[in-house]
Each structure stands twice: as C-alpha cells, then as structure tokens.
Amino acid sequence: MNPASFLRKLLGGGQSAVERRTRELVGLCEALLAERGEYTSTALARDALAACQGLDERSREDFFDVLARHYSPSPEAVSRAAAEYQADPSPANFARLQETVEPPRQEIFRRLNMAPGGTATLVEMRSQLLKGMKAHAHWRVIDYDLMHLLRSWFNRGFLRLERIDWRTSAIVLEKLIQYEAVHAIQGWRDLRRRLESDRRCFAFFHPQLPDEPIIFIEVALSRGMSAQVQPLLDIRTQLADPANADCAMFYSITNCQEGLRGISFGNQLIKQVVEDLKDEFPHIKRFATLSPIPNFRRWLDSAPLEGDDAPLVARLADPAWHLGEVPEPLQTLLMRLCAYYLVRAKSGLEPLDPVARFHLGNGAVLERLNWMGDVSEQGMQRSAGLMVNYVYWLDELEKNHERYFRDHDVVASPAVERLARECSLADSQKT
Amino acid sequence: MNPASFLRKLLGGGQSAVERRTRELVGLCEALLAERGEYTSTALARDALAACQGLDERSREDFFDVLARHYSPSPEAVSRAAAEYQADPSPANFARLQETVEPPRQEIFRRLNMAPGGTATLVEMRSQLLKGMKAHAHWRVIDYDLMHLLRSWFNRGFLRLERIDWRTSAIVLEKLIQYEAVHAIQGWRDLRRRLESDRRCFAFFHPQLPDEPIIFIEVALSRGMSAQVQPLLDIRTQLADPANADCAMFYSITNCQEGLRGISFGNQLIKQVVEDLKDEFPHIKRFATLSPIPNFRRWLDSAPLEGDDAPLVARLADPAWHLGEVPEPLQTLLMRLCAYYLVRAKSGLEPLDPVARFHLGNGAVLERLNWMGDVSEQGMQRSAGLMVNYVYWLDELEKNHERYFRDHDVVASPAVERLARECSLADSQKT
Amino acid sequence: MNPASFLRKLLGGGQSAVERRTRELVGLCEALLAERGEYTSTALARDALAACQGLDERSREDFFDVLARHYSPSPEAVSRAAAEYQADPSPANFARLQETVEPPRQEIFRRLNMAPGGTATLVEMRSQLLKGMKAHAHWRVIDYDLMHLLRSWFNRGFLRLERIDWRTSAIVLEKLIQYEAVHAIQGWRDLRRRLESDRRCFAFFHPQLPDEPIIFIEVALSRGMSAQVQPLLDIRTQLADPANADCAMFYSITNCQEGLRGISFGNQLIKQVVEDLKDEFPHIKRFATLSPIPNFRRWLDSAPLEGDDAPLVARLADPAWHLGEVPEPLQTLLMRLCAYYLVRAKSGLEPLDPVARFHLGNGAVLERLNWMGDVSEQGMQRSAGLMVNYVYWLDELEKNHERYFRDHDVVASPAVERLARECSLADSQKT
Amino acid sequence: MNPASFLRKLLGGGQSAVERRTRELVGLCEALLAERGEYTSTALARDALAACQGLDERSREDFFDVLARHYSPSPEAVSRAAAEYQADPSPANFARLQETVEPPRQEIFRRLNMAPGGTATLVEMRSQLLKGMKAHAHWRVIDYDLMHLLRSWFNRGFLRLERIDWRTSAIVLEKLIQYEAVHAIQGWRDLRRRLESDRRCFAFFHPQLPDEPIIFIEVALSRGMSAQVQPLLDIRTQLADPANADCAMFYSITNCQEGLRGISFGNQLIKQVVEDLKDEFPHIKRFATLSPIPNFRRWLDSAPLEGDDAPLVARLADPAWHLGEVPEPLQTLLMRLCAYYLVRAKSGLEPLDPVARFHLGNGAVLERLNWMGDVSEQGMQRSAGLMVNYVYWLDELEKNHERYFRDHDVVASPAVERLARECSLADSQKT
C-alpha cells in the first residue's frame, strides 16, 4: 500500500485506531511531499513542525509506526532498479536506483528542517525515537534516516568551537548545569568556580541551535598533573595563577544532545581544545585527563582472585573501608588489579572500560593511576576511589590511534604496565 | 577493480597516464576513507582540500575520472543487497542495501567538508564539474552525489536572510558587483545608488560561506508600479521618500554560486523578502517585479506572421527602429505578440519564457507589459525593449502556484489576456 | 606651597607621616601632570591607576588629603585672573581665568581615565570619597571635580539602553542580583522568573563599563494595574500572555553605581523604556509603577492624631495587626492618612516622600493607593503594607512636570484627592 | 544684558537683524537651559539639534555671535566670586566660583549632546566655528568651551582602536577615500590594494560616531625600510609575504575630523599600533615612517646659498630637472641642504618642518633621507622629491621625547647628522 492510499484510508475512516493528531500530522507530511521541493511552503513546514511538537506519547508512537511502515521503499521497485543498474550501470540507471532506495521519509525530514526550529525538533524527535526503539524494533529504519541526515548536518565543518565563561549567556550556562554528566554541577556558585580564570570550558555549537551546546569539556589549568578530582570540584579551592600552570587537566566531558547519540564529537573537540590551549598558553606542556573508571568495581566482583587477594578485596563490602588507614597490601592489590583491568581486560579486541576505549581510541596514553582520586560516593562505588590520567601528546596521537585500532595495543606508561604485570591475574594468565 | 587495488596500480606504475598530483590527491582521499569517521583527522582533510585546490585542469579531469569510475557501488553487490531486501525487508537488510548503494565518494566529500573551507571548495568543485560534464557525460554520477550533499547542506533552514546596505562589508559588496547577472553594476557609485534609502537589497548567506552571498535580490520602493528600468539604474535618479512608496519593485535577482546550480533559492528568497518588507513598510501594498523577457525576439524571428505583420516586424532589423517615432500599428502589434508569447507560447506544458516560468511557478501574476521598459542595447536585442511586471499577492501565491502546476494555467491580468487574444496568431490558432 | 615643592617634601622626608604608597601615587600623578597632554604615556597612567587600586584605607585618606589641599587653585592667582578679566573681558583673559580656576586634580583624573579601566576606577574612587566625606568635609572640593567629569562622561548621549533577559551574560545578571535595592532578588531562580516572557528588564550601560549596569528597571506586563507586589515577586506565579496585557508595571528601579550618586538617570530611563514598550506592545495603554512609600510609618508616628484615630493607629504596634481581619475603620483611616501624607505632607515645597518626589517630578500622576500592597516585613514596617501606583501618561509628562516644579502641585487622581480630603488632619489644617 | 532679556529683545523685535531661524534656535537653547538637568527632555534636545543642523551660513554666524556675547559669565560676578574665594577658600566658595566662571553655553552644549547624533553635530559645529574664527575673533570663547568638552569626551579612554580591512563596512571605507590627506586614494581599487595582506590600516573610533574614523594610519609590511613611496601606492605592486617582513612602514596618517582640530590623537595611535603589530608579527623589528618634508622647497627658496650652490639649485626651476640624469653634485647638495633643514632649521626652539616636529616630539629618530622618495608632482614641488624615515624604537621613545622637549634636541642618525654637518650653511653658521 503506497502512502497516498494509506493516507486516504487513514483520513477517511472514522473508526481508525490512529487518532486525529497523528492523522493531521501525516496529512501535513503528505502535503509537504506533494510540493515541488523548491516551492516548499515554509508555512506548511511550520504547521507540520508544530504538529510534531504537539504529539503526545501515544500519537507519537502511531506516527513512528506510519513512518516506519508506509514511507519505506518498496522491495519490488528496489529489486527492479537494482537489476537495471546491474544490466547497465549508466548514470541514469544509478540515479534511478538511488532515488528508489531513498525512503520518502528522508524527504519529509528535509522539508521539516526548512522551517525555523526544524533542526531542533528533529533532534528531539530522534531522542524520543531512541527511547522507544527497544520496544519497537521496526522503528530502526526511521533512525537510520534521521542519523543519515543529522550526521550530515552536524558535520564537523558546521560546528564552531566556543569558549564558555562567566560572560556567556545564562540560557547556555543553565544548560551546562542541567546536562553535566560526569561530576554534577551544584548550582550557579559551583558553575561559577568552574569558569574562573584558572579553568577553561569549551563547547561545540551548531548555527541552527544557537543556545544549545552539542558537547562541552571542562579544563583545569594546574601545576603538575591533577591526581584527585575533589579539589577541582570544591568551590572553596583557591584560584591558581594560569601563568604558573604546566598542565591542562580535562576533568569532565559531556555529550548534551541525546538526539545526536552515536554521532561522535568528543575526539574532534579534544583535539581542537588542545590546539587552542597551546596557542593561549605556550608554556603548557601536558594535556591530560582526570578520568573515572566506571566499571572497575563491577569487574572486580567477578574477577578470579586467588590466595590472600579475595579476603582483602572483600573488605570493600564495608562502605567505610577507605576511611581511616587503608592497609598497604590492599592499596597495592587494588592498584595492580585496576591496572590489569584497564590494560588487559577486554571486550572482544578492545578494552572493557568504556572511558579507556574512548581516550585510547583517540590516541591518548594511559599514564597514571591515582589512589583515592575520587572519594565521592559514586567514585567509591564504581571504582574503589581510583581515577586515571590519560595524556594527549599531540605528536603521538596519530601513531597511538593506529596502534590501537590496527594492533589493539593499549598504550600505557611503564609504571602502569608494571602494575598490570605485577597483578596476580597476570601470572595466572601466563600459565 | 576496487579502489584500493586501483590505487595500487595508480601509485605504482611510473608509466601511468594519471599524473603525480592526481595520484597524491587520490592517495589522500583513500587515507581519509581508511579512517574511522569519528577520528577523521582534520589535518588530513586539510591536506586533501589543499590538493583539490591545487589541481590544474588536466589533473582535475583525471581526478573526476577516478571518482566516477572507481568510487561507484559495484552493480553485483547492489543486486545482491536488493535481492536480500526483497526476500526479507528487515531494518538490517535495508541498512545494508542503503550502505551498498551509497557511493564511497559521498563519504569522501563529507570528510573533505570537515576541514575549514571544505564547503566552499566542494561548491567550487561542482562548478568545475558542471563545466566539463558536457564533454564527460560519465561524470554525471559525481554530480548526483555532490548535488545530494549540497542540497542537504544548503537546506533553507541553514540559510539566513541578510539585508545588504552601505554598512555591509566591502568583501561582500564587491561580490554583488561581480555576480549581478541581470542589470550589470557599473562600479561602486552604481552600487551605492542601489543601496540608498529608497532601495532594499537582501541576500541569503550560509554559515560556512560567510562572505559569499548565495542569491540576492534588488528592490526599489516606488510610488506606483515601475514600468521602465533605466530610471532605476540611473545613478542620478533622485532619492524617493520610502514613506510615500506603495510598491516594492523587484528589479533584479541573481544566483551567485554556479556550484549550486539546480538548487533553487529564488522562490524562498522572494517570499521571505515580501514578508520582511511588509513588516517594515505596512503601507506598501504591492510587491511586483520589473522583469526581462529574454527570448522574445528570438521567438519572434520564427513566428508565423501573416498579412501586414511580417513587414512591420521586419523593421526591427534596423537597430535604430525605436529611435524617433514608432508607428502606432507596430507598437500595438509588438505588445500583442509579446502578450501572446508570454501567455500562449509553450515548451511542453510550461511557458517558453524562462523568467515567466520562474515567477508564474512561484504563484505570481503576469500583470502588465511595459513598452520601452528596457531601452538598453541588450533590452532592445532580446525583447524589443519590452518588459513585464509580475505581481506577488501573498494571499494568492499558493492558489496560483497550484493552478500553474496542476492545470498549467498562466495566470495573467485581464489587460494582458486581452492583448494576447487580440494577437493575430491567436486567431490562426483557432482555425 | 605648590604641589611640586609639596611633593619634594613628601618624597624627601623619611619622617613624613604620609606613607610610602601615597607618596608613590602622588609621585605618579605628578609625573602624569608633567607630561604634555597629547604625549601622556598610557603606561604611566596604568601605573598610577594600579597605585590607586592598591591603596588601603589609611593611605587613601592621605591621598585624598593631598588632592584636596595641594591641587586646588591658588586664591591669589584666581583673584588676579578675575581682576584682569574684569578689566578686559577678552577671550585671552577669559581663557586664562578658566585655566586658573580649574584645579590641577581635574587634569589628573582626565589622564587617569586614559588607561584601560580608568573610568571604572574613578567611579570607585568617588564612591570611597563619598563614604569618607562626612568625616572629612574638606574633601568636598575633590567631589566637585569628580562630579564635574563624571557628569560629562555619563551624559545621556553616551549611555545605551539594553534589554536584559535570560540571554544576557551571567556577569551582568549576577550584578542585578547583587545591586537590586527595592525588592531583593533571592538567587538565580528568582531572577529567572523576573526575566520571563511576561516581564521586561532594561538597563543603561556605558561603553567604558561594559559589564556594569548603571541603572536598571523591572517591568511586569499585566492585565489591569497591579495592586500587590507579592504576586510579582513569587516565582511560582503563572506566566501571563503579554498579548493580553494592557499595563506595563514598573515595580523596581535601582541605581547601581554608588560612585555616580547625584547624577540622575531614572527619569531618562523611564521615558525611554516607555517609548520602547509602546513600540513593542502597541496594545499597552498604561505605564504605571507599583511603588513603596518608604517613610509613611515614621511620619505616622509623629502625626498629630486626634479623637479615635490615635488608639486605632496604636494597634500597629502589634506586629501581627494585619493578620486576621483588620477592622474597617482602621483600614479607612490608614488609607486617608497615607493619601494625606503623599499629597499634603511637605518638606519645603516638595512632598516629604522621596519616591513621590521622584515620580511626580518626572511628571507622573499619583493614581491609586493599594491596601496590603506589600505584606513583606519591610513593607509592613515602613508603610503599613500600603503601596501606590504612579501613572506615566506620555502626553502629560511635560505639563505635569511643569506644574510640579513651578506651582508645586502634587498631581493626583480624584480618588486619591478625595481620600486626602477626608483625612481628619485635613480638617484640622483648615482651622 | 542677561540672556533672558536679550532673548526677549530677540524674540520681540520685528525689526531685529537676527532672523527667524537663529531666534528659534536661541529660544530652544533657552528652553534647554531652563530645564532641570536631570529632566532634560530629549525631544527638546532633538529639536534644538535639528535647528542647529538647519542653520544656513548667515544665521549660523548670528547664532555664534549670540553664543559669544550673551552666554559668557559676567565679569562682575566673576570678580565677586573670586574675591569671596580669596577671603575664604572654602569648598562652598570654590564651588560658587567654578559655577560662576563656567559659561552657560557649556551647559547648552552638554544638553544638546543628550539627543541622538548630538556629538556629531557638536563636532561639525566646531568645524564651522573654526572656519569663521579668523574673521570673528570674538568666537574664540565659544571654541574654548567646545574644545573643553570635546577633549573630555574624546579622551583616549573612550576611543577604541579598530583594524580596517576589506571586511570593514563600505560606509567607513568610503570615508577613508574621502579623508586621506597625505597620498590621495584614487578610488576603490586603490583602497583595496592598501588593505591587502601585506598592509595594515588602523583607526580610532568613538562610540558616539560609529561610522566616523577619528584618525587613521596606513602601514606597509616590508623587507627593509621603504625608501620610495610610489611602489607603495602603485596598485600593481606585487603582494609581499608578511612572514618575510622585518619592517612596518607608516606611510600615511590622517586626522579626519576638522571639528576635533587641536586634540591630538596621532601620538596615541602610533604607540598603540606599534604595540599591536609587535604582537601580531614578533619578527618585525623596525617601526618606521616614510614621511614627506612638506616645506623643504619653500625654505630652500630663501636659503642664503653661496658659491656654486645657488646656480645648481636654480636648476630646480625647470619642472623636468629630475628627469634624465641628475648631476651628482646637485644630488649631494640637495641631500645636505635637506638634512640641514630638518636638523638645524628652527622656528623658535622647534624644527621648522611640521612633520619633523610631530614625529620627533613623539620620540622618534630621524633616520634616513631618501633621494627621489616621492616623484609625484606634489612631492617634487614641495620637497624636491626627497622623503625621510623616522624610526620608532619603543624603548627609546620616552627618552627621546624628553630630550626633544627639555633640551630641544633633534635626535638624528649619524648619517643624517653628517649630511647636515657637510652642508655649506653649517659652515657659514659657525663663523
């Protein structure tokens, strides 16, 4: 059934299960598609956008169902066009093939984008689509099209890097507070401290979403590589003089738009920020992260510990284990286990730890483990308080990135390597 | 032969006809494709862009040949994917089909776009491609991909309308002088007159091409609908008071980017400008063009004139025919023939005249013919000095547009209709 | 003693009571004065500015003493120049007189202003001067010069009106929270409510103090004239639709710069804001304030009440007098007394109430008294919970302003007039 | 006669010579003065401004006469206030004195400045005042007041330096063409060449005159110190690579506002530009001018030449003297005479040459004479084709400036010193 006849049925039947709102929206989408592209009325696009925004959950599901079922290319037509292309791979046949393969819903999305606020609405639509996709696997075809368009529209070439500071508008700053995903921002005073002169914050913006950061990163300028995150988050920490800094510490990076999930901006952001900071502070030599190890404890729970190790680790069951003095053997053991986890524990060919995968994939080096790096409740629960520094050496990023993806090498400092080797699990592995 | 093996041959053979520059560029494109999308190095993209810009004509042709021949999808793979989709139209099979059908060169273009200046270079590349496409029909497949991307990136939603005036930067103003395609701008003084307080000029801009107008339109605010273009172009014409104007005359509209040919911006621009002018000047009631009739004379040369008409029209052979007094019968005859040409002469179902096609397709009305509307050499040669006003009535655009495309109706004023009816060719048609 | 010899003594004597910092600063000021104006080194001005900013309280007092005592014109020289001017009022003699009369410290201030941040430092300096002027009456001569310059530099022509909303930078918004003097802003959430779509906020800015509001005003767009301030301040109050508003209520106006005390900006600000709001909302007919009556209670305490009035008013001693039901006679009495206070109570020829003086002087009309207009602790203490609306009728401002200053008329609405007449004090006055 | 009674006469008498326009303007000024400062109506100020702008030459002269004669302080009142100050130099008496001495026209100017466009009108008014001041010496008192205010309002602190390039708005660029006073700009192509990548252009702007440069300077980035100006002015001169430049040559500096004559901006501009260029091009070591010697030929005409010198110099009477080969003795003679002129010829204690006075006063060094530095007609006529380089060594500016003003030393390079010594006029001087 083609969309038009479908619509006829949709619009005609009073007994239809699909309710009025969805029908109206589908009607507007049909009207949009019926226009010649160049004459698309922005008034129509605006109406359709408004109808999208006005959907409740139920009617949105209906709308996605319609998009998935009735705006996909016909398998027969596709096969015919493919056969013709195979018989004669001429430009004309190729053009026909491409047209046949492209789902009409892509064109709907393109035309919705013509009205003011279109891009924002489509990003929001994808976020809602993703939420329901587990329960509605057939919506995946819609996601494929939205992804295709959004990836093209959010191409690095269209993003601009902006510094965020206390001169930034409140409408943007408020979003940082709301979006921050790594170390929650406790209101405006906390935010203000993170934007002082010994800090930097940068975000990517897209011309169509002027008040919406796409991704942002928080940086502390410090003397020496930071080992603990609490001093960075404490609003009472004294201001440092950036002129004395030799390290730029990336302590938080947050993707803001759920609707852009799967489009990766972090790698480009970090590289650009390193370049810009090098220009502003020629005396800063080291660009490093202070990163969490989110799944270390979970991995630890199922690690095949032997001998004295198991009872030592068992002490972590006590939520207060780290208060007071921690026995030296336990500290040594945890450090070695964590190094082993980061360097050797794999999921397929890649590290088990997602943060490690990200930074190592970017070409960074696993430089140092930090004991009691994050003593927040979350830090203790997830990683026994440990944190890790990854270092970005601009000259070696390309090479390390290659090694990582080609040879599946985890590039770590000698100190971390040694810790991983000293881990008892490493021995058991050899045998 | 897949691209990789092709490249090997390309890079390997000293006797290859393809020269060093092209080989280097293809090498860079291969390297770009080899990267994981999110890790694409902007340095690499920058190098590839620079290599594109550095191509001479010969090596550019070679490059286009490579893009057309070796970066198209394999017909066999396409047929296989199509068959699988036909057998089972699952999301996974559909995704595979789409991936198979998309030519790898699209991804090359997307990655080139990540470096600064990428969009501008791709627009320029398409302009060169179009130039050579007559002689190299097989490049059409490249054009298909560039068009696909550029149409997506230059979506109306990403364009912003800007007023151009004497406060605009010289770098943009200079481009108006250079690009103006309807009534050439004779230097800065001429331009300045066209930007005075009784005129308006608007352009669409794209965030990635900040100093490049995409399309621009020139408007004169006047009392009564302008019938002659020379007073509008004469820099000595006295300033009018916009407060007294009741018409906004669109007397020139120019598409600036050859590399965006085929992507239509005019319709959207005019509608937006009408909206904006209505806001600024609530007392302006009529939005009309003063338009050329570029092929009237050419059509006239082969029109089947009868009786006294032929010898009358033959007088136009004298370049000075319009100087001194023009016999009333000749004027009447030309006005009727021109009305007939605009209203009745067709190419398929659409008017023969390209400017008429554009404005009527937009939903405008053919309002009035103007005797001696353009007495410039070009105006006399192309249209015997005649010009035409098309009127944009906001409330009727949609309806007229519909009539035009559905019923192939040329919507003209009663006066123009009558002129067309009175034309002798109209009689002959009836018989 | 001329400044130079004074300085010599200052710089020479180790036993001098004036300490090093002041001496250094005076040395820098002398160096500044020694330069030819056009060659003034900004480096020197910068050093002098830094020295100003680095003064502690003690050394600042010394510095002011020096400025007052040693940088005033010599009485003898002034008399001589005046005599010469009287004998021959030629341009040359007049010029000499003006130069003689101008204190050298004015030139010091002008040169300090040449360095970045100069204006801000001078504004701050005046604020400190004012603080100490009670105890140091002889500093008044410095104030005269600073006022003269600041009044000239903060001329209305150099101020620009800016709308403040949630897009404004945090650095400015933070200052609103800090400066608000009428109804304190309780943090960012409160501020945000005051900047929503049914509110407006405007401020004057000066080019040299880009992040510092000079004065700002808060406006609520409402249907009908607001009578109570608590709903305007409550962050949970529902958003109104500005399209339905017919009143713009000015509910707070704050002068931000103590160092500009005595330079009046409020009148210009209100007039400009009324103009701008009329443009944005042609359907808004009434521009009115909701204003406090800061000294009503204090005046009441000493009012010569008679008969039953005194015991009624005495109830106000109970802080909870207004909770529960207020007896009708008390309400009537207070309304009449307050109307009398505003309309008849004078200090010299002008109203006793400072807020009334301001708005009536601007040409506004005393329109309405509002029972329980401000039930905050402060509102109860100062004005027994009463508030007042002053209305700005653009067409009558000039005339009312004239009446106010020429005839000392308090222009009040008939309702307020009647209340004042009904007050028992009015009777007693007649006898 | 006080202004009020004067006005009465002015307004009353039909036979008055002062015509309607002037009377109206004076009436508006009186009304402005009659208002309380803070309540000054911008409408009134706007009307008064418009009246200023609408004056023809005759009525403007009348207006200046009124301003000069009737808005000066009364000599008697001044003497009285001076006497009181002498008797008791209290702050109050001092304040009264200052108020008495300040002419009421200053307040008129301050209030005119409150309306939009006020500053521009006052700058224009002064320019007209200066034009007529030779013939009307008594206007000098008006000039004194305007200067006082303008100097205060155009304080360096309120100016901002802006780079001018091809991205600057046409409205500003057009003014450069119009104002350039040293080497005329021949239209837009010429201007464009002067703004290419091997050039820099900077201007001071004032917030109240956003489209009006106050002063601008043109700079060429070159390898080696430029000796001839024609290659810098030739639009066909090939672009140089700024990366190879080691000199920044200041080849033109123009004061734009006649109405600001006497307020010196050049010194501050050059120093700021040197600072900025040092930041942008750390490899540029020398900041020098290529300057004209405007009065060398005029001086030469009356120089007491002896022996063979006179007939040699007489050859300059032939306008073609420099075409073909110039005899070596003549070249030597002219170089020596010019060096003598610049180093030794004085007007009072300062150099006769005005350009020398400016740069030497700024602290620059007279570095080199350039034979045939300017072969334009004007260059030959004024300075026999000679030009001079002044060098700005940042570290020595202060010291040289001191030497120049204290010791009246012309700081010249050894080469120029030797040329001056070798001049025959130098010998005659010794005897």
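Here the chain labels run A, B, C and D in written order, and each chain numbers its own residues starting at 1.
In the analysis below, a contact is a pair of C-beta atoms (placed from the backbone, for glycine too) under 8 Å apart; a residue touches a chain by one contact, two chains touch by 3 or more.
Predicted model, so just to flag it, every value in this text is computed and none were measured.
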Touching subunit C and also subunit D, the following chains: none
Identity of the chain that, by mean CA position, is farthest from subunit B: C
Interchain centroid distance [CA atoms averaged], subunit B/subunit D, Å: 51
Centre-to-centre distance between subunit D and subunit A (centres being mean Cα positions), rounded to whole Å: 60
Interchain centroid distance [CA atoms averaged], subunit A/subunit B, Å: 40
For subunit C, residues contacting two or more additional chains: none
Chain pairs that touch, as defined at the top of this document: A-B, A-C, B-D, C-D
Contacting residues of subunit A [partner subunit B, same complex]: 36-42, 72, 75-76, 78-79, 81-83, 85-86, 89, 91-92, 94-95, 97-98, 101, 110, 113-116, 118-119, 137-138, 140-141, 144, 148-149, 152-153, 155-158, 207-208, 264, 267-268, 271, 361-362, 398, 401, 405
In the complex with subunit B, residue positions of subunit D that touch it: 166-171, 173-174, 187-188, 192, 211
